[in-house]
Amino acid sequence: MVSDTTFTPHGVVPPLVTPLDDHGDVDRRALERLLAFQLDAGVDGVFVGGSSGEIALLDTAQRRALVEVTAGTVAGAVPVLAGAVDTGTRRVVEHARQAAALGADAVVVTAPFYVAPHPAEVVTHFQHVHAAVDVPVVAYDIPSAVHTRLTPDVIAELAESKTIAALKDSSGDLAAFREVLRRTELPALTGSELLADTALALGAAGLVPGLGNVDPHGYVRLYRAARDGDLAAAKAEQDRLAALFRIVSVAGTTRIGHTAGALGAFKAALAWRGVIDNAATNAPLHPLADDERTTIGRILTIAGLGTVD
Amino acid sequence: MVSDTTFTPHGVVPPLVTPLDDHGDVDRRALERLLAFQLDAGVDGVFVGGSSGEIALLDTAQRRALVEVTAGTVAGAVPVLAGAVDTGTRRVVEHARQAAALGADAVVVTAPFYVAPHPAEVVTHFQHVHAAVDVPVVAYDIPSAVHTRLTPDVIAELAESKTIAALKDSSGDLAAFREVLRRTELPALTGSELLADTALALGAAGLVPGLGNVDPHGYVRLYRAARDGDLAAAKAEQDRLAALFRIVSVAGTTRIGHTAGALGAFKAALAWRGVIDNAATNAPLHPLADDERTTIGRILTIAGLGTVD
Amino acid sequence: MVSDTTFTPHGVVPPLVTPLDDHGDVDRRALERLLAFQLDAGVDGVFVGGSSGEIALLDTAQRRALVEVTAGTVAGAVPVLAGAVDTGTRRVVEHARQAAALGADAVVVTAPFYVAPHPAEVVTHFQHVHAAVDVPVVAYDIPSAVHTRLTPDVIAELAESKTIAALKDSSGDLAAFREVLRRTELPALTGSELLADTALALGAAGLVPGLGNVDPHGYVRLYRAARDGDLAAAKAEQDRLAALFRIVSVAGTTRIGHTAGALGAFKAALAWRGVIDNAATNAPLHPLADDERTTIGRILTIAGLGTVD
Amino acid sequence: MVSDTTFTPHGVVPPLVTPLDDHGDVDRRALERLLAFQLDAGVDGVFVGGSSGEIALLDTAQRRALVEVTAGTVAGAVPVLAGAVDTGTRRVVEHARQAAALGADAVVVTAPFYVAPHPAEVVTHFQHVHAAVDVPVVAYDIPSAVHTRLTPDVIAELAESKTIAALKDSSGDLAAFREVLRRTELPALTGSELLADTALALGAAGLVPGLGNVDPHGYVRLYRAARDGDLAAAKAEQDRLAALFRIVSVAGTTRIGHTAGALGAFKAALAWRGVIDNAATNAPLHPLADDERTTIGRILTIAGLGTVD
């Protein structure tokens, strides 16, 4: 177990997709290959059970298998962060305890959702989860999914009381992210695919980009360039990755939803590269069309990506 | 088991609160008393595990106890509807199967949330749930919680294919509700506390008002008056209930959230009436303040409500 | 001038479209024909310069011509309401004074927009406008356009102080509309095309349906049936009008915006019926396509509408 | 007149407040002093009639006086940008022509609002305005006010066709801003007070910070440091300005609206510094309270600002 006070996530920590087999179960082999692909690329941690991991669509068995296989495969090489994402405090505690028991080094927790909480209730939520588990809690700010912000005031209060050990910011609000960096000592990770170099320049501890599933080597190069002060190299890498990120828009939103288009694109790209076998996503997400997969392959090629041996 | 084709919910079907004991567990005794209070009042069904039942905040044990006690206590006197509310299809199927196994006569299902689905994916969601369970599926339109509408087009498609057996409408959009009534034969229940008589006049099959926890007799009188064509009596009852509904606004939203203020008010009112012992809500909701409970008691008195023996 | 205390709008008061000629100016002849068509149908008032009248797209000359021609043509036969819709208090006062000077019997005013006002500032806004003009002020609740609600509390405060003489409700929130009816003596008009009979049954003073441009006879029949207590006749008329209202959805929103689709449909229908010559809307709205106009014609025919001699 | 092709705004271009006298008219003397204060500080342009200039609340006379006095006072020393902000195309053209006639070097135009336009209609809007005036058009992306985004696709289309000469971005979406910088050659100015150095590092041509009213010297130093590659100095200045920016939150939003709190704070700070005499804002905005002004003075002092001689 990593103790609260010393857990300091940093570097590239991709929010991994959850590979599925033909029966819709977690594809353990494919997950092992994905983890090996990521570790080979030099990532500094992995985050399973996030939005990119279809956390909202996984059932109990899938959640369990995901953390179990990941913790077993990673075997301490890097920290394993596991999403304990659910609507209310008691449910989050259930998930968090299970994840910790299965070997997760930290749990990642959003604001409550479905309900409409007051900021003071959001603070209470994190306090209860922190008190209930033995692993560090990482706050996950993702208003597009949960429709409540973790404001800088809330984050600062949780940081000062050592309720949370880190922040994963997917708010899209870089000014607020910067305010957190200014007001707290909290390791703060950005979920942005497109402002990774910028966030690092502002003091972000690391990156949690969904696109890191597809091109972890790119984000590792970007992170190391930024860390070593080579801003031009970081920016060049960021520009290449921005072009690659167009894969999430290939499907549009007239036929399938935004979530299906984005997560489907990550999986389609990983299948195209040979890392996973099956690009299927959980119900009720609809699959990409064949021509959309072809377009994604073309974008990968342009970005310099090929098949993984 | 109630068969799909014959399940036609109607009348007053209150979405019950989930009474908790001092340990935060489901208070079985209080739940039994609440059910007796409702059945005595003449309700035509009960709905447990809805928004008023804190469904998003209940853990696995609480969900199980809630349906188990309810089905056992009601014992077939009226239909028991159970919420199978969750973010994704597999998780909803898990809840729905458990609820059916525990004796629920129907399950109530929202659009997927956390994810951003396309309407076609919403249809897929309901189709999967319908195929996976042996009890009828009631569609639950509650965009304030799940941030996706069940549009009249989606409802009509689900009704025509007999994927859903009924609609519970908490959209606040009476024009859309009316369009559903016009286009389908679906039994449609309104969740509105304030437009109950209006919805019945438009052809609603019944009422699912959160305020029915506190004053089931009032909604039963309203429903029967409307059914018997006595619009003036229905309206008079509605006006009295509208005044009573002010209890949900007593706490405001500067100190606690909207959910805590509304559900806390229902529980505080039930405790004031002596139906339940404990007005506590699940974490992370904050409790009402003492003066707020006093104000609620005053509103109950003005509405003609007293202690239940 | 109609004095504040006695202005009690009621009945059918359609929010008229603004016919344009080939140069984009107000088509005075077409406007006169539209007014004659409406008066012949038995409307109880007309509202020019509302959302259906493209108020946000009219320049100074168009606004002036619109009120001038209308007041001159109507010549006291029924009250003329004129929109004084703009972002801030001073600008609204300018429009309101001009409209009053040109012969409007009342001005219709929304919450401020572009800015983000507090409810107390919304009250101040109406107080200033009321103090600045000699004609009654009608409050116009249209959050879809101005992104601020006129809450029942705000309306009640404005009604008690006699700052406003009436309400035009386009909020889509019938529960709030009913609360206003319960708490105030204010004549309240609904902007709903689809809940006209319902709103009248709840005590609405009248109707301001955009679809009334196309079929004023229908809404006049509906209003009179409701007034005379013939609810079945009112409902039958409402059902026919609901089918007719599908014209606003013909264009969809993938090619042109919602506003263009709705206002364009009203104008296309009036052109199809021969009331106006030109279905053009102001820039930047794009026109309907030919096949969309054909579809609209088919819907009109099904609804029993034909050419006006 | 500045020709379309050569208008390249850059540097610090504060969006000036509109000083008012005791009668509510534009205070010409105070405006002259404000302009002198800004020019002395070394600004590279001024923008009058933006959101900070209460554009939505100015009447015709105020709009005219504002541009007239500004163009006359600045007298070609730096470019004068004038807001032509209104709901529809024709109205924007009216404002834009007047501003150009009064001496503005460019006009600043938002998406249409009140109406709900399709992106293609937004493009049409800018094309019409561009065709109607002889001065360059600057696109103003401010979804918090107009509720429509100028997407990177729309901006790119307008840039390629040379319909717009520059972008003023107040979207808060730095990833989209960066996409514009990547896809176009357009001079892009950020409206962010808090990410000025970051935006410049990404390639922004300049800054349009509302807080620049209060401390133009600070933003000029920040801009010059960034231009000269001294990122540490730029960041230090940004951190100081971030602390100063807390003045906009002093009033909160429980008593007055967000707009009143922010614009009122800029004016209160300028009055405290002795640049303008009167901190009043246009109706319906409510004024700051005395203790709020005292707090603002304290924040100014901490940020090292004093009275201007």
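In this document, chain identifiers A, B, C and D correspond to the written order of the chains, with residue numbering beginning at 1 in each.
As a convention for this text, a contact is a pair of C-beta atoms (placed from the backbone, for glycine too) under 8 Å apart; a residue touches a chain by one contact, two chains touch by 3 or more.
Note that the structure is a prediction, hence the values are computed from the model and not measured.
Considering the contact criterion stated above, the chains in touch with subunit B and with subunit D alike are A, C. Set against the Cα centre of subunit D, the chain with the most distant centre is B. Counting the residue numbers that touch the partner chain, subunit A and subunit B have more than half of them in common.
The geometric centre of subunit B is 37 Å away from that of subunit C, both derived from CA atoms. In terms of their C-alpha centroids, the spacing between subunit A and subunit C amounts to 49 Å.
Among the residues of subunit B, none is in touch with two or more other chains. Touching pairs of chains, sorted by label, consist of A-B, A-D, B-C, C-D. Listed in rising order, the residues of subunit B touching subunit C in the complex are 172-175, 178-179, 182, 192, 194-195, 198, 201-202, 239, 242.
Every residue of subunit B that touches subunit A in the complex is listed here, in rising order: 24, 51, 54-60, 62, 85, 87-91, 93-94, 112-118, 120-122, 124-125, 128, 144-147, 253, 255-260, 282-286.
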